[in-house]
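Okay, so subunit A shows up in both of these, paired with subunit B first and subunit C after.
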Partner chain A sequence: MARTAIVVCWAMAIALALFLLAPLLVIAAASFSPTPVFDLPLTGASTRWYGKIGRLDGFWPSLLLSLQIALLSTAISLVCGTLAAIAIARGKLPGADIFATALVSPLMMPGLVLGIALLQGFRAVGFTAPWATLLVAHLVITLPYVARTMIAGLSQFDFTLIEAARTLGCTYPGSVLRVMVPALAPSFLIAGIFSFLASFDNYPVSIFLADVRTKTLPIRMLQYIEEAPDPTLAALSTLILAGTVILLFVSDRVVGLHRMAGTSD
Partner chain B sequence: MSEAIPHLVVRSVSKKYGPTTILDHIDLTVRRGELVTLLGPSGCGKTTLLRAIAGLAQPDTGKVELAGRDITNVPPHKRNVGVVFQSYALFPHLTVAGNVAFGLKVRGAAKREIDAAVERALSLVKLGHLGGRRISALSGGQQQRVALARAIAVEPDVLLFDEALSALDRKLREEMQVELRRLLQEVKATAIFVTHDQDEALTMSDRVAVMNKGRIEQLAEPRELYLRPASLFALNFVGLSTRISGTVLAADNGKVDVETGVGRLSALGNFQAGSSVIVAARPEQLRISEQGEANSAAGRVRSVVFQGSRTLVEVDAGAGESLLAELSGRDGAVPRVHDEIRLSWPVAETFAFPMEAQV
Partner chain C sequence: MTEAALPAPMAAPSVDRERLAAFGFVLPSVVIIAGVFALPLVLLLGVSIVDANGLTFAHYKRLLGSPYYLGVIWNSLRLGLLTTTIAFLISYPAAFALARARGALRSLLLATLFLPLAASVIVKAFAWTILLRSDGIVNETLIALGIIEDPIRMIFTETALIVGAVNIFLPFMILPIYAIVAQLDSRYAEAAATLGASPLVTFVRVILPLTLPGIIAGVALVFSLSVSAYVVPTLLIGEKYPTLATTIAKAYLLTREPGFGAAAGVVLLAIAIAVVTLSARMSREPK
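Up next, the complex of A and B:
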């Protein structure tokens, strides 16, 4: 009985992994299609679509915008989210649980609802500069990722470490920088990556706040697919995918090593 | 000369958290090179006193002086204290050597100087070969040593131990107690231990401060603390004892006669006739044999507990009172449960404490 159950579970795990990964493999294959229309089986391979990415209309400004927004919102979220997480994790804050739930709640809200709410909210207070509204909106998107990860990380953190550093001659801010930040490096890395990715590929919130001159990369990509559905977009998607895989792989190595170095046995 | 100079002086330090008094006008003077233990149950204020000395808790009133300097308002990083925490608080992102070097690095010492100090500190705690290890790769006992090495490496004016041995298992703890005492005497460190473990206090310290409810009940050498407890609390907290309640019949020159449920007993103490008191004696003073000028009481043996070098005999003396005797191997025949026996003990080793101080 137990053996059968294990076989079924294993089969399910493999099937699900294939189900999740198959579309990614298809898009990677399509990006090397020699013809403008992707068709299986492939009759050859070509990298010409990769060369066309940079010539897409408005590609560079959109990429730059997305990177700016993602990096900035991640940086701000890391600082603010960590400070908030400290307040919550130390537990002396009355209603810390409520604050924790509130900080993480945007994760559970549908993006469309969030987008509409932000658009209406910003309009109501007369805040309409597209770049700035995008940044603030992406803070709402990224903060929950940072807050969630940092609350978890800090709940494992022994604040006596800071006291130890202080008695050894460190000022309080110095102790935070020399002890708390490195000890929490894995959490920072994970929080930063998820926050960056969440911002970089966000569509449903951004679409409400973008205008003709301020379009993030996901919005621009959807526009391309409507205008000219050729494998250039598949090539671009494959590049983003590759970048993400490298980022995750590298950080897993780094975090993995850090984990081994001490924070958990 | 310098041996006698007060090295650490705590003057009338008080601390309240909200309505709760944690420290109630504490006075404590520690000489250079002295090992002093703050002993007491949880909540007695011992850890808060230690933190006040380390600068991690700010007293509401009073002063703290260290090595001739008023450090009451000096932040912890300028106090030159070394603290060994209960959790060890080792930095997980640094190696063993990195942890030990931390304090010196922060102080901006030269690399050669740091390396030498790290090597010295690690060899002192017998971990010279593990400098490159990660903290997570060490056992509890080794981590404890690293924490000690880290605190010693900066050559602090005083070493503070906050329940530093309590996370170790019993055997290791007992070994560390002896080793730590020897090591601290070797480097001529002034140290304060906080513990709730009486054995640790008696083993490690030159003097023990028994703390209760934010006050120091007694500050004495371990031997005196055991033989001449100053209060019922100190008697109860350190060592075992027989305690019998009674009423003073007559008082005479430091000695009282007390009427108790087990008969009339004599004890040391100054009380007025009619006072309610607790009469107490240490278990090793109680003998089955007759003794000269002695108190005695009879009863039925309730339990006999063999503990290796000694045997504890509990006797039900009637009237709700019980007697506790510790018989060493030399004492010959050990009674059995239900035996009727009579125990006697010297008046000179019998104490009396006021009843209302009972805890």
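Up next, the complex of A and C:
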């Protein structure tokens, strides 16, 4: 019976791996389709759909907008979230648990509900400029990722190291910069990547704040899929996937190198 | 160098000063969460019960009093329940295999979890529309294998919706379970066996309770994500499977009924809060 259980476990793991990869492989294969319909298995290969991405209606402004919002909101969240995580992890803050729960809570809330709540809220105070509302809204999307990752990372960090640096004559900012920053770099990188992806991929919040001229890339993409899906969209998706793979690979390398250098346990 | 020779920062800052500094550190984040998360949600509750004539519960009556909208709420819950159950049944055994894997195999399996997690939901849902089309790969494979003769209509059916939702939310189930299973001490199972427990009894009375925190975390996460999914039902089943999420979007983007949309939002929010509260209580209890 135990042996049967092990076989079932492995069968499930392999099935799961194939099932999870299936949509990614299909998108990549479809992007090289020689015909405008997704004829799989492929009867030939063509890269012409990649050349058509740039000519999709409104593609460049949407890409630029999504990159701006994702980079800026991630940067701001990294600063605010890390500061908060330091205060929470150091244990000098009364009610630290409540703060930690509050900062991470948007992760479990339906994105669409947050979207309409923000739409109502921003309207109520007369804050309606789409670019600015998108940026502010994406702070709530990115901050919980940063807070969660940095609180977890800091819980491993020994704060007496900072005291030690101060005892040796470092100023407080100086000791933070030389002791804490290198030790936390891996968590910082992971927090940054996941919050960037969460913002770059967000649809349910952005849809309520966008207008005809200010549309993020996910909004554009859903519109393309609903209007006229052709392999151009698969090509665009493949490029985004490739970018994600590179981002994960590089971060793995960088974080790995940091660990090898012994700056983090 | 003696301690006395060191300059002023040596003196330990007072507790008050440290607390003040700690509050200063959390302040920017608290302002963001309070101003751009908590307050707007309270306002949403207000919008759902107040209209031009004052206090009203008309939106909730419409939502909770009509068979159509009760069906909509049930559709959301059904999507959440089916997705969570299937994702759990696949993930739980797979997590044990993953925890036993070593070296390159483990890296490979973990990569197959992280890559889809980092990939866009819209991209994955779009891929399933290609896979499940009547002339798509799944149909052609089934025909080639002789399992079916004619293409089955899969896209825009509940099957398509559940397959897509399970695929997209699976990593959120297996990762928390794997995190617990990987730390499981195999000596517990050995001890149970030594004491005469059959494999089944060992599993039910030892392994299952020990892995419960991972199960609770995974179930809570996948349920709250799938019950409120919007992109997946929109692309894979469309109009004929209205959920709370699609009702909210429709009320705000098409029919311009913010009060009704807000009420549907509050109901969805209540479901999410119930799941979070319940899972937090359950994961605290067994200890």
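Everything below uses one rule, namely that the second predicted complex is superposed on the first by the 258 of 265 C-alpha atoms of A that agree within 3 Å, B and C clash if a C-alpha of one lies under 4 Å from a C-alpha of the other, contacts with A are read in each partner's own complex, and residues count from 1 in each chain.
FYI, a residue touches a chain if its C-beta (ideal position, glycine included) is under 8 Å from a C-beta of that chain, and two chains touch if they have at least 3 such contacts.
Just so it is clear, the structure is predicted and the values come from calculations on it, not from any experiment.
A.B. asks: For A:Ala191, decide between first (touching subunit B), second (touching subunit C), both and neither.
C.D. replies: Neither partner.
A.B. asks: Of the partners subunit B and subunit C, which touch A:Val179 in the superposed model: first, second, both, neither?
C.D. replies: The answer is first: A:Val179 touches subunit B but not subunit C.
A.B. asks: Of the two partners subunit B and subunit C, indicate the one touching more residues belonging to subunit A.
C.D. replies: Of subunit B and subunit C, C contacts more residues of subunit A.
A.B. asks: Report for A:Ala137: first if it touches subunit B alone, second if subunit C alone, otherwise both or neither.
C.D. replies: In the superposition, A:Ala137 contacts subunit C only.
A.B. asks: A:Ile151 contacts which: subunit B (first), subunit C (second), both, neither?
C.D. replies: Once the two structures are laid over each other on A, A:Ile151 reaches no partner at all.
A.B. asks: Who does A:Arg166 touch here: subunit B (first), subunit C (second), both, or neither?
C.D. replies: In the superposition, A:Arg166 touches subunit B and subunit C alike.
A.B. asks: What part of subunit A is shared between its subunit B contacts and its subunit C contacts?
C.D. replies: 166-167, 169, 171-172
A.B. asks: Under the touch definition given earlier, write down the residues of subunit B that touch subunit A in their complex.
C.D. replies: 54-56, 75-79, 81-83, 85, 87, 89-93, 102-103, 106-107, 134-136, 150-151, 154
A.B. asks: Hey, which residues of subunit A end up touching subunit B in the complex?
C.D. replies: Residues 158, 160-161, 163-172, 174, 178-179, 182-183, 185, 258, 260-265.
A.B. asks: For subunit A, which residues count as touching subunit C in their complex?
C.D. replies: Touch residues, subunit A against subunit C: 1-2, 5-6, 8-10, 12-13, 15-17, 19-24, 26-27, 30, 38, 40-41, 79-81, 83-84, 86-88, 90, 92-94, 99, 102-103, 105-106, 108-114, 116-121, 124, 136-137, 139-140, 143, 147, 166-167, 169, 171-172, 193-194, 197, 200-201, 203-204, 207-208, 218, 221-222, 225-226, 229, 233-234, 237, 240-241, 244-245, 247-248.
A.B. asks: Which residues of subunit C touch subunit A in their complex?
C.D. replies: So the residues of subunit C in touch with subunit A come to 3, 6-7, 9-10, 15, 18-19, 21-26, 28-30, 32-33, 36-41, 43-44, 47, 90-91, 93-94, 96-98, 100-101, 108-109, 112-116, 118-124, 126-131, 133, 136-137, 140, 167, 170-171, 174, 199-200, 203, 220-221, 224, 227-228, 230-231, 234-235, 245, 248-249, 252-253, 258, 261-262, 265-266, 268-269, 272, 275-276.
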